[in-house]
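The following pair of complexes shares a single chain, subunit A, combined with subunit B in the former and subunit C in the latter.
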Partner chain A sequence: MENQKSKIGVYICHCGGNISDYVDIEKVKNLIAREEGVHLVNNMMFTCSDSAQVDIVNDIKENNLDGMVVASCSPKLHLLTFRDVAKRAGLNQYNYIHANIREQCSWAHSDKTELATDKAVRIIRAAISKVRLSETLEQIEIPAINTAVVVGAGVSGMRSAIELADQGTNVYLIEKDHFVGGRVSQWGKLFPTEEPGENLVERLYHKVKERENITLFTGAEIKAVNGSVGNFELDVHITPRYINGMCDEAIQDQVLKACHAEVDDEFNFGLTKRKAIYKNYPNAYPETPVVDMDLCDKCGECLKICDGRITLDQKEENISIKAGAILLNTGFDPYEPKEGEYGYKQVDNVITLQQFKRLIESNGDKLVYNGKKIRDIAYIYCVGSRDAKGENKHCSRYCCTSAIHTAVDAKTKFKNIRNYHVTRGIRTYGKQETLFTDSSRQGDTYFQFFEGAMPTVENENGKALIKVKDALTQNEDIEFTADLVVLVTGMVARKDENLVNIFKVPVGSDKFYNEIHNKLRPVETVIEGLFIAGGCQSPKNIRATMASTLAASAKANSLIQSGMIALEPIVAKVNPELCEWCGACDDLCTYNAFEKVEYEGKTVAKVNEAMCKGCGACTPVCPTNAIDVVSLSDTEIETMIDSFVRDVEFATTTTEEKADSFAEVVDFEKQVRVLPELSQRILDSLETEPKAIPDIAKELGVAADDVLYHLMSLRKYGMIKDTDEINEDEYYLYELKK
Partner chain B sequence: MSDYQPKILVFSSEKISDPAIDLAGLLKKHYSPLVYNITLQCTSSVKPRWILHALRSGIDGVFIASDGTDCAYRSDCSDLTNKSIAKAQEVMKEKGIDLSRVKMAALCSVCADPFVNHMKSFSETLANLGSIKNEIGQKDG
Partner chain C sequence: MSRLNPDFSTKLKKYGAFDTSLCYNCGNCTAICSLSDKKNSFPRMMVRASVIGMEDKITSSLDPWMCYYCGECSTSCPRQANPGELMMSLRRWLSAKYDWTGLSGLLYRSLPISLLAFLLTAVAVIFYSFKLNFNVETIMHFGHQFEMFAIITVFAIIILPNVFRMWWSVIIKPKVKVPLKAYFKGAGDLFVHMFTQKRTLGCDDSQARWFMHMVLVFGYLALLFTTVVLDWLGTDNMFIIILGYVESIVIFAITFIFMAGRIKRNKELNKFSQPSDWFFVIWLFLMGFTAFIVRIFIDLNIIENNLWMYLFHLIILAQWAVLIVPFGKWTHFIYRSFAMYFDKITETIK
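Up next is the complex of A and B:
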């Protein structure tokens, strides 16, 4: 085949041992160097490090390479990193192919290192065969609507909407509930500002309403999504409030009294009842109450008092909206203990932390539950969390802080109560540690248990009897009674399978939405144009929620604000010589990507690149095999298969081959010594005496981080060693290994 | 059970089933090192000739890790992939190649355990069938 790449650079990553502990990198390197088209092979401690990237760029420029293979971790982590490296070196980014030898090799086969090495060779060979055939491609630009849909109008969703709107993006803010604020509106005072949650909600709501480019829909549920990044189309079902605007407060009170239909109030976690006409709380927003038509029996009593404003015949609506990007800010659910878990729903006075927060809010100056005055409160921590054998293995991080803050709040509001905390170790990290001090100063008592010896809660004469083996008093068995037991429960993923099905958003084993990469791409999903933020992604406090919200908003805005999105040129391509227009591809394509064109006196199919998503579903149905997906042609796939199958011949033990192998190792070592200039300067510096990292950095006039990186490489290759001695500033000293 | 170690070619999809294979590695869940993966945009693009090429080249079995209903491109992705498999199997039948050398299952992006289980059971099936080379050699050769 013509135009095959013939000067390919291959870069094999040790990943600091994640790969090289299981894959014999030197063997791989020696075998790969023999592959057709390979001009050079380099091993690197971390190919993704800044200094390694600079080395690769220099390699490409100096050797005029026409192809590059990076064999390292999953391309989901660093494909973009190395495409950028290629671009910086003047190499077309599609002449770089990534070989995943970590997730799909060294880690998966850490139990069979020889076979892992064999597999790494085959994987890299397949990547080389693909890069040899790679075309020079340019990205496809498609128009994007500068409108975002934000799903969920809790504090995260409202903050997202405000941020996007201020950056010039139009926003549809979709809230399933009839009131905004989500979970935060349910909490009382928030640490450390002591501002009530509903005030925070109120401020954000007014900011949302002030912005003309935000449209808020409440009682709105997304039913279907079509299209893709840049041009999503969403079907939204809207349930009306059945009330037109606010009426006089006194009349509102009369209407609420007249309504006789009742149900457990979800907002108060079932502690109270609400009517069919309701507001979550008096200052809930939007201000207009709502009629719950599932509960209303249309008795008409409310109409007699407030005729005209209550209109029970309002119709549900289905609307269609278009957007370039979607942000999911759908929040979390508090863990609901199972019946009998620490006496929940079996012992009368056992409630969850979230219920306790609502109880504090709804009580006046005395703390009363089920008609009984509360004095002694036991808090049992980590309920439904950190359960190694259960569903929720995670720690929600916020619950220790929230429980202690609530306990301090309760004691401040109701002077004579006593708090007993039964914990698995307190995690009031960062500035929240001051809360623990406050709690201790006010006289709260702490016990500690471990996973193997869980506390129990039993009913004893109308009170709760708590038994705990206390690690803080040398495992003494302690028993005490409490008027109220508060189960400190963490966060779990919302049960919104509907949204998961509609958006196809991946979920993790913890059931929370899954980002592309926990550290490097924490708010993007594998679905282009779909972002996640806040508690729907993982347990977060409000501060962490806001950080992820702002990140997701910025990513969404930067994607669509220019009105154009650069897409991968990985689309279907028709060979007009082979095409005889039968229409099979056109009939199958759901994106209308095919059009009829005339070619040398016959009608053939042509792909509209902006419409084509590159799925390739059309390729197997073509009777003349005229369609391929770019970079996934028959030749490319079949040569990759051949590369997997071809035998790997490792160095044998003949004297001659041993000598060859040794020579290659020596060559390799020479490259390590010569290629990274800083490594050589460090070695020169250590010739005189053992030195610490800061001293070397100062002497060479470089950053200590760079010295550290090169020292790690040199130590890995056995060229330097630790002296086990420290200098007067307590830094370890390194010396040459002779 | 046979000691034969079969080679398996997996066709996965970039956004859904390939992340599941990555996750299996991340969780250090082990399967046969003779499993090789080619990542596509969507498994509905698998051509029958690729399956046949793999088998002729010495791959003992082809596993298609379809997206099922999770496919970001099309809800009928598994049905379309099935059609390609059926076409490949028509040729396999003519050549006397055991049809169970091609298998498809839907994997979601976190289906690390199902992937590993599929690889283990498919390896066992193929080990019992023996090398594809013998099969092609006996029946086609």
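Up next is the complex of A and C:
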């Protein structure tokens, strides 16, 4: 083939023994050097070290290399490192290929070192053949609108909207409810400041309103999304409030009273009723109440009091907005216990923690539920969480803290109540541990059960009877009655399959949205330009939610603010000559990357480079073989396979060569080690007394690094061990293991 | 199936217990206790039983008596729940529970009632002396007879029935089957522990505590014997007189050290003195000290003109004999020994 790379540099990493202990680097080097196109082969203790990187850069420059292979660990760890090395040396980063000879070779075959060496050679050969064919590629640049859509105006959504706006990005803040604040507005006092959730919502709302580049939509639902990163287009359906501004408070109260249509108040988790004209709570924002048209029977009572402002004939509307990036801050649902789960909906006085929080908020001096005064309260923990065999295997993290905080709060507010916590072990991690102490100090009693023996709740003379096999009392069965049973329910993913379908956002087995990488890329999704934060991703407390939402807004802003987005060029390409548009690729593509275009009088498929992830799923389904993924073409893959399957011809090695590296020291048949010379000298030196590395190096007249390498190998083979002593320079002493 | 009784720990606080609900069941107390073993695992289980209010479990348990209060559990408690003092409170509560008269509990719970009882006893002694016309000889004769009479009565009416009740609650009620032979086999242990308290040596703190305590027990029992049987205050026998002096000095010297410790709070076990602890140690001191002075007054021949001194001694003696011995801290001498005995005879069964 033409354009084949002919001056390739191959760098083989010892990984400090991780590779070189099992793979015979010298042998590999010799074999690789014979490969076509290879100009030089080098081995290094750690290729990723700064000094090694500098050496590689110099090598490439001096020898004018046109391709590079690094054979070391997984590309997941260091692909970007060496792309950077290539860039610094003036080599196109796509003319560098990574060969993984650690995870896929030395670690996996540590028991068969000769075969590991054989496999390493094949892996590197495959990489070389790929480099030979590699093209010089540039990243794809696409224009981006510096506008972000933030879905959900809870504390998380509002916080990220503010942050994005301050960084110069325009924001559309979209809220399904008619009031902002989400879950936090339902929560009452929060630990540790004891500030009510309402206050946080109020503060954030005013900041949102202060910023001209944030547009807030309430009663708004996203119906469809088109386009891709940089240029999303969203269809949003908006339900009006049916009220234009509001009269003064006195009239507002009259209107709320005059309305007679009632329904269970979702905001109070069904504990109370609300009217057709309503606000979630008196200080809810935006301040204007809303008319629930599904409930309103248009009796006209409200119009008699406040005509002109209330306009029941407002129309629902659909708008279309454009944005460069989307942030999902859609939050979570509290777990709804199944009927009969711990007596829920079967035994009177069994409620959820979230309901109890609303109950505390809505009660005055005395705690009353269903007309009965409450004294003894039992809290049953981990309801709908940590269920090893059920749907929700996760720990929701916030519930222990929240339940205990609520118990302390309730005890502070209603003096003569008594709290009983039936737990599966308390997880008030971090600073929240002080809450647990507060709760103990105020006299709360704790029980602990295990998953195998769940507590039960039954009815006993109008009270709830709780039975628990208490691990803290030698698994004795203990029973007690309570006036109220609070089920401490965890967080589950919101029931919003609609959004999942629209955005095609990946969900985990726990139904929460999934990020790309749990640790390294925690707020990005596999869909470029779509970010997730807060409770929709996993159970989080407010603090963790804020951290993730700020991270997401920073990521979104940095992606779109320059007006340009650089994307990986490794995408599918359709050869229009061959394509006959059958639609098979389009049906299959998860990312909606295909579009129909006209080419020389026929309809063919074209790939939207901004949406394609280069997954390659389309290539095998194409009946005319018209699709190839850039840098992963059939030719490249086939050549790699050929290089991989070709036999490795080992030259017979001499004894001297054998002693060169630790990989040689095993005489397979006799299972005897032939030690390298330096190792033997170190052992002889340690014969007399325990010594430190610098002392041995000095004595033998060799570099300390070499001693270290041999010493570590000797230790691994159980021939020496470290003493717990140190010498006067604070170096550890090593001795022979007898 | 046990029913939760949250009021129990409130009740226990009157016996000196601390905030038991602070316990988070880490078990450090049991781990550090050098006396706790597989059979008698404490104090955590007792703390837990107190929190839950498992009265039956506590009443049938010997664990509170198995603890000799070195205080290590309290010092190592990460929650300051004070398990050591809880065990002490449980001993008080158990003593009250064993006592059929109910007076024990009343005196433990209420300082005013205790003071009133002490006052009434003093008034009774003075009143009776008034009836005897404050005649030294008759009063001293009465005092000597009172001692013998009190010992027999208190034992017969209070101590023995209470020990019987203890046996009932730890062996009969929980249906522990003890073969008759075991009762005889274990009898030796009863006396060994009664007179040596050798289990204290298992505690990690200073062995001096055990030694002083044992000397005090012997001194006390010896002085009791010397005054009751050998009639120390009435004898002319030089040997007996000197013996009595030595014994009373031993008593008030050691109790003085114990008192000083409680004032200085120099050890964990001294830190939280309840009125019952103070009564016990002060009255023991006063017993030794007043007996010593009375005998000096007799030897100097000035007792006839200083009858008040003997009356003072007699008041102390009476309060000791009718209040502290049957209903106060003195009973631990009996209950501890029997606890060791019951533990021994149930050893093979559990």
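Assume the second predicted complex is superposed on the first by the 448 of 738 C-alpha atoms of A that agree within 3 Å, B and C clash if a C-alpha of one lies under 4 Å from a C-alpha of the other, contacts with A are read in each partner's own complex, and residues count from 1 in each chain.
To be clear about the criterion, a residue touches a chain if its C-beta (ideal position, glycine included) is under 8 Å from a C-beta of that chain, and two chains touch if they have at least 3 such contacts.
Being a predicted model, the structure only gives us computed values, none of them experimental.
By the document's definition of touching, neither partner reaches A:Arg521: not subunit B, not subunit C. Of the two partner chains placed by the overlay, only subunit C lies in contact with A:Tyr420; subunit B stays clear of it.
Contacts of A:Lys372 after superposition: neither subunit B nor subunit C is touched. With both structures placed on the common chain, the touch criterion links A:Thr445 to subunit C but leaves subunit B unconnected. Comparing subunit C and subunit B on the residues of subunit A they touch gives the larger count to B. By the document's definition of touching, of the two partners only subunit C reaches A:Glu479; subunit B does not. The contact sets of subunit A with subunit B and with subunit C never meet. Subunit A contributes residues 74, 76, 100, 102-112, 115-116, 118-119, 122-123, 126, 501, 504, 506-509, 514, 526-527, 570, 588, 590, 613-617, 619-621, 625, 629, 632, 634, 637-638, 640-642, 644-645 to its touches with subunit B in the complex.
Contacts from subunit C toward subunit A in the complex involve residues 1-4, 6, 19, 21-25, 45, 48-49, 51-52, 54, 79.
On subunit B, the positions that touch subunit A within their shared complex are 7, 9, 14-16, 19, 21-26, 28-31, 33-34, 36-38, 40-42, 44-50, 53-54, 57-59, 69-74, 77, 80, 83-84, 87, 108-110. For subunit A in complex with subunit C, the residues that touch the partner chain are 418, 420, 426, 436-437, 440-441, 443-446, 448, 467, 470, 472-474, 476-480.
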